[in-house]
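Two complexes, one shared chain (chain A), two partners (chain B, chain C).
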Partner chain A sequence: MMALPKVKHDATEARLEGLFLPEGVGWTAAARQDALARLRAQGVPHRRDEYWRFTDPARLTAAAPRPAAPMDLSDEAVLHDEIDRLKIVFRDGVFDAGASDDLAVEGCEIVRLAEAQKTDLHWARDIYGALEAQGQTPVDRPLAALNTAFAQDGVLIRVTGRVPRPVEIVYRHEDDTSDPILHHVVRIEPGAELTLLETGTAGARFNTALEVDIADDGRFHHLRDQGRNHLRQAATHSFARLGARSVFKSFTLTLNGALTRNENVIAFTGNDAQAHVAGAAIGDGREDPFHHDDTVFITHDAVNCESRQVFKKVLKNGAVGVFQGKILVKKGAQKTDGYQISQSLLLDDDSQFLAKPELEIYADDVACSHGSTTGAIDEEALFYLRSRGVPEPRAQDLLVLAFLAEALLEIEDDTIAEGLRQRIEDWLDRRAG
Partner chain B sequence: MLEIKNLHCKLEEEDKAILKGVDLTIEAGKVHAIMGPNGSGKSTLSYVLSGRDGYVVTDGSATLEGENILDMDPEERAAAGVFLAFQYPVEIPGVGNMTFMRTAVNAQRKARGQEEMSSAEFLKVIRAKAKEMQIDADMLKRPVNVGFSGGEKKRNEILQMAMLEPRLCIMDETDSGLDVDAMKLVADGVNALRAPDRAFLVITHYQRLLDHIAPDFVHIMADGRIVKTGGPELALEVEKNGYADILAETA
Partner chain C sequence: MTDQIALQDKVKDGVEKETVDAVAALGTYKHGWNTEIEMDFAPKGLNEDIVRLISERNEEPEWMLEWRLEAFRRWQKLDEPDWSMLKYAPVDYQEQYYYAKPASMKEKPKSLDDVDPKLLETYAKLGIPLKEQLILAGVEGADAAPADARDLDGEPATGERRVAVDAVFDSVSVGTTFKKELAAAGVIFCSISDAIRDHPELVRKYLGSVVPVQDNYFATLNSAVFSDGSFVYVPKGVRCPMELSTYFRINAENTGQFERTLIICDDSAYVSYLEGCTAPMRDTNQLHAAVVEIVALDDAEVKYSTVQNWYPGDENGKGGIYNFVTKRADCRGARSKVSWTQVETGSALTWKYPSCILRGDDSQGEFYSIAITNNWQQADTGTKMIHLGKNTRSRIVSKGISAGHAQNTYRGLVSMHPKATNSRNYTQCDSLLIGGECGAHTVPYIEVKNNSSRVEHEATTSKVDDDQMFYCQQRGMDEEEAVALIVNGFCREVLQALPMEFAMEAQQLVAISLEGSVG
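Our next item is the complex of A and B:
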C-alpha cells in the first residue's frame, strides 16, 4: 500500500489523538482494529480529495468539534408522538435508560452495542464493520472506518418477524461540545420487516453509522429527522446489503445544520430487490452557515433490481447544497432499473447547489436515468397565489412545501409523512414570525 | 367603483408601450364587457389592474372606491376586492386546491380584519359552491389546476371567485375554449354573483358569452385604448361585421 502523504498522516494522527480503542469490547475488538487500520491507511478526508470536492471536511476531522449550542425545542411538538413506538434515547451519545422504553418488542431482539459487545452475539459479529468495510471500495470512507473503530455505543437489532411497532432512536443534544460516535446494526431475517425512526441531533458534532443487512424477502423502512440545530456538524453513513426480493427505503429530513454529510451506500446482492433513498433539506444561511451534502453510492450486482434516489433541497442566504449520486451497474446486473433525481430550489442568488450525478454501467439490458436541476421560485405561480390574496412570504412557503412534497411522496406511511411535512411547515412558520 | 384615467403602461423589459391612455369608469352593480382584436392590450389591462410584474405604469391612474390600487401589492389588491379570472390559469404542482383556497380566503379575511373561517365552515362553504360549478371532491383534492381540462380550469376560476367574493371581478377570456354547456355553467356562476355592490369587467372575443351574461356596457379596445363604447348592441355588431368597420370609423 502506498504511504500516506505527510499532511494526511499528520491530520489523521491529530484526529486520533485522545481517541483510544475501547477496552473490553469483546467480539467487536477485531472489527475495530481492522477499521482503525483502514482509517490509518486511507487517512482522514481532505478537501482536495475528489470525493470531498464540494464539502470541506475540516470540521469533521478536527480534533475537537466546534461548539454548538443546543436548541430550545420547547416550541415544537414531539415528532411521531401519535405513533405507538419503542423509544431508545441517547443524550449527547450516552444512553438514557430513564427516558428509554424497555428494549423489548415482539418480532425482534434489541441490545445496545455497549452491552452486547461483552457477550457473544454471532449475528452482529458478522455485520458489525463488515458492511462498512465492503462499502470502502471503490471509494474511501475514512469517517465510517473511524466510526467502526471508536463507536461508543449504538443499537443492535435483529428482526425475526414483522415488528408491530416502529423502533425510534431519539437523539438529544444538550452539551455544547459533545462529539458522540454511534454505530447501529440491523439484521432483517428472511421475510421480516422493521421500521426504524431516527430523530433529533445527536451532539454538537456527531458521527453515526448504520449497517443494515436485509435477508431475502426482508423489508426495512428508515425515516430520519436530523433536528434543527444550527451549528452542529454531522457525518452519517448508512450501509445496506439487500438480499433477493428485499426492500430498503430510507428518507431523511434536514432543517438547518452548519455541516451535514449523509452517505448512503447500498449494494444489491440478491435479485428482484428494491432500494429507495430520498431526502428533503432546507437551509437558511442568514444567521448560521448551512451546508448539506447527500452522497449516495448504489451498486447493482444482481438481476432485476430497482433503485431510486430523490433528493430535494431548498437553499437561501448563502446556503450550500451538494449531491453526489452514483449508480454502478455491474456486469450481469441485467434488467436494472436505476433512477436518480436531485433538485434544488434557490431562493436567492447567494445560494448554490453543486451536483455530481454519475452512471457507470457494465450491463447492456438496463434502464437508468438521472437528472439534476437548479431552479428559482416559479414567478407565474407566485403571482397566481398572490392575486388570490395570499401574502408573498406565505405564497413562497406554499411553493417551497410543494417542491419538497415530491420527496415526501417517497414515504410509504402517511402518518409519518404527515408528521415530517408538518415539521417543514413549522420551520417555515417560525421564519415567518 | 373602478375609475381608470388616461392609463399608460409599457413593458418593463423593453421600451414598448402597450396601454396608451385607457379611460374607463365602472359603477357598482354593473357589467362591462371589453372586446377587441388580439394584441390590443386587453390582458395587459387586466394584469396591470391586478398587479402583475413586468409592466410599468407611465401615466394615468386606477382607483377602486377612490383608493389608488396601482401602488399596492397583488395581495393587497385582492384584499381590497380585485379578482382576476386568468386567461390561462396557472398549474401549481404540490399545492392542494383546498389548502390554496383556505389560505387565500383566510389571508383576505385577516387583511380585512375579519375572523378566519374555521376548517369545518370552510369545507361546508366550498363543497356547496363547488357543487354549483360541478366541481367534484376529487378535483378539490388535486393540486391547483394540475391535470384539469381547459373547462375545469375555467370553472375552478369561477369557484375561486365565488369563494373570495370580490368587489371587482375581472374575467379574461373565461369563455374561450369552453363548450356550450361549460359556458352556460360559467355564466350561471357569474350571474349568481351579480350584486349591487359588485362590478364585472368581462374580456371576451365572442358575443355568445354576452348572450348569457347581459352586459350593461360594451367597449371596444384597439391599440391600447378604448375606442368605442356602447350598449349590448355593440357586441352584436362586432359579431356580425368584425372590428374593421369600427376601427376604420374611429381611426
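Our next item is the complex of A and C:
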C-alpha cells in the first residue's frame, strides 16, 4: 500500500481528531476498526480525486461542519401523513423515543443500532460494514468508511414477511452545528417486502449509510425526501446487494441544500433481478448555494438483470447539478439490460450541469444505453402555454413539473408519488410567493 | 493457421476455391513486411544529446533547439498518465531509437537511378501510384514529370490522382509531391523540417500554440524529439486545389516515430488532409507519439481524415505499435470549421483524443470515429469539444467495435463555457461487442455552464443482432461476411464522412480487422 500524500494524510488526521471509536459497541467493534483502517488507507476525499472532480468535498471533510440554521417547518404539511406508517424519529441524530412509534410491526423486526450492537450473534453482524466494504472497489468511498467506523446510531430492520405498513425514518434538524453519523441496515429475507421512507434533514451536516441486503425474491422500496434546509451539508450512501429475482427501487427528492452528495452502490449477485434508482432535484442558488451530486455505481454480476437510473435536475441562480453514473457489466453477466438517463433543465445562465455517465462492459449479449441532455426550458412549450392564458411563472412551473415527471414515475405507490409531487409544487409556490 | 484449415474443410461443401482464397487472404496484416534497408541511427536512448543531435540533423536554428530542450526538461519532470483504461507494461524510453534515417537519404537523390530501389519498392508495395512514387523516393524534379508518366513496368499510370503526398519513413520525410502546383496556388506543403528552415516566421508563430509544450506527457516528449512531419499553410481565400496527404511508415526495429504536423488554414481557406500509417510486424512493441496541431482562422475549414493501420500485434497480443497521439484543432476564427474523421484499426494501444477548441464565434467542430479492436488490442480514444465562442456547434459520432480479447473505450469531453451561449452539441457513441471476452466502455464528461446551449449525449452498447445475422446467412453469406456487412452498416455514418478513396479502404479494413473474430 502506497503511503498517502501528505495533504491527504493531514486532512484525514484533522478530520479524525475529534472522533473516537465508540466504546461498548459489541459485535460492531471489529467492523468499525476495519472501516477506520480503510479510511486511513484511503484518506478523506480531495477535490483533485477523479471521483470528486465535480464536487469539492472540503466541507464534508472539515473537522467541524459549517453552521446551518434549522428551518421553521411549521408552515409545511407533514409528509406521508395520510399513510399508515411506523415512525422512528431522530433529532440531530439522537433517537427520540417520545416522538417515535413502538418499534413493532408485523413481518419485521426493528431494533436500533445503539441497542442491537450490545446483543451477541445479531443477524446484522454479517452485513454491518460488509456491504460498505464491498462497495469500496473499484472506487474508494472514504466517507462511507468513516460512517461505518463512527456511526452513533441507526436502525436495523430484518424483514421476514410482507410488511403491511411502511417504516419511516424521520430526521429533524434543530441544532445549528449538529454533525450526526447514522448507519442503517436492512435485511430482506427470501420473498419478503418492505417500503422504507426517509424524510427530513438529519443535521447541519450529516453522513448516513444504508446497507440493504435483499435475498432471493425479496422486494425493497426506498423513498426519500431530503428536506428543504438551505445550508445543510450531506453525504449519503446506499449500498444494496440483490439476490435472484429481487427488486430494489429507490427514489430521492432533493429541494435546497448547500451541498448534497448522494451515492448509490448497487450489486446484482443473483439472476433476473431488477434495480431502479431515480432522483429529482431542484435548486435555486439565489440566497444560499445549491450543489447537488448524484453518484451511482451499478455492478451487474449476474444474468438477465435490469437496471435503470433516472435523474432529473432543475437548476437556477448559480445552482450546480452533478451526475456521475456508472454501469459495470462483468464478464458473463449476459442478457443485462442497463439504462441510464440524466437530464437537467437550466433556468438561467448562471447554473451548471456536470455529468459523467459511464459504461464499462465485458459481456457481449447486453443492451446498455445512456443518455444525457442539458438545456433551457423549451420556448415553444412556454409560448404555447402562455397563448392558452397561463401566466408565465405558472407556465414555467408546469414545464418544470412535467420535466421531473419521468423520475417521479419510477415511484410505484401512487399515494407516495402524489405526496412527493405536492412537495415540489409547494416548493415552487413558496419560491413564487 | 487453424482458421485456414477450417476453411479448407469447408470446401467440400461446394464452396468455390476462389472464395476460400479470398477470405484467407484477408486474414493477416497486409503491411507487415519489412524493408531491408541500411539505416542511419542515432544512438539508442534519450538524453539532451539526442535532442541536440536530432536538431542538428534537421539543420535547425537555435530557437528550435531551445524549444526542444525546454520540452525535454519539462518531460523529465512529468509522470506518464495512468488514467486511461489501457493496461501495458511500462515503456522503457531508454531502449528506443529516437532517430533513424535511410542511409541513402544522406544526400538527396538527383535522379531515379540514384534512389535506393528498396525505398522505391516500399512505396510501390504500399500501393502508392507511380507518379507519386518517383517523388516519394525523393527525386528532385519528378513532380514536373508529364502526366502520362510510366510506372516501373512500363504500364501507363492509371487515372489522375489529385492527392499530394508527404511520405515519412521512420524519422524523416522522404519527399513531398505536387509541391510546384501547390505553390502556384500559394499553398505551402512540405516537411516540418523544411518549414522550420524555410518558413520560420510561420512555424514560430503557430508551433505549440494549440498543443503547448507542457500539454501532456506524450506531447511534451514529442516536442523534444520530433524528427519530422508535415507542414501545411493555406493562404487567405485559397481552396487547396487537391487533397493533401501524409503517409507514415515505421520500418526500423525498436525505433520510435515522433512526427509533428502543423496545419494552418488562413481566412476563408479550405483544405482536406489525409493521413495513413503502417508498420512491419515485429515481436516488440514500438512507440509512436505524434502531435498534430491545426489552426483555423476566420471562415476557414479543415477536414482531417486518418486511417490508422499500424501493426496491431499478433493474435496472442505480441508486438504492435503503442500509439500515443495528441491531435488538437484551434478554431480560432469566427465561422471556422474543423472536422476530424478517424478509422482506427491498427496499433496494440491507441491513446488518442482529436479535439477542437471552438474559440471563434459560430465555429464548428466535428468528430467522426470508428475504432476497431480485435485480438488483444486496446483503444482509449475519443474527443474533446471545448466551446468558448458564441453559437458554436459540435457533433460527435463514435463507433467502437470490440472483438477477441480487445478493450475499446470512448473517452470524451464536451464543455460549454459560460460565454459560449447558444451553442449546441450532439454526441452519439455506439459500441458493438463481438464475443464474450472483449470489453466496450464509454467515459464521457459533460460540463454545461450556460443555459442557452443544448447538449445531448446518447450511448448504446449492443451485440451483432441475431436476426440480422440470420437474414444475411440465409441469403448465402458465411458468418464472417455477414459480420463484416453488419459492422459496415453500423459504421456507415462515419464511413460516409470520409473522402471517397479512404472510404473504400476503410470498408475493407473493417472486414480485415475483424477476421477471425467469429466462429
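Observations on the structure shown:
Please note the rule applied: the second predicted complex is superposed on the first by the 431 of 433 C-alpha atoms of A that agree within 3 Å, B and C clash if a C-alpha of one lies under 4 Å from a C-alpha of the other, contacts with A are read in each partner's own complex, and residues count from 1 in each chain.
Here is the rule we go by: a contact is a pair of C-beta atoms (placed from the backbone, for glycine too) under 8 Å apart; a residue touches a chain by one contact, two chains touch by 3 or more.
The structure presented is a predicted model; accordingly, all values stated were derived computationally and were not measured.
In the superposition on chain A, A:A405 makes contact with chain B only, while chain C stays out of contact range.
For chain A, the partner touching the most residues, choosing from chain B and chain C, is C. When the two structures are aligned on the shared chain, A:R386 is found in touch with chain B, with no touch to chain C. Annotation: chain A has no residue touching chain B in one complex and chain C in the other.
The touching residues of chain A, when paired with chain C in their complex, are 50, 331-332, 334, 344, 346-376.
Across the complex, chain A is touched by residues 83, 418, 421, 431, 433-463 of chain C. Within the complex formed with chain A, the chain B residues making contact are 50-53, 73-75, 77-79, 83-84, 86, 89-90, 92-95, 99-101, 103-105, 107-108, 111, 143-144, 160, 164.
Residues 378-381, 383-392, 394-395, 398-399, 401-403, 405-406 of chain A are the ones touching chain B in the complex.
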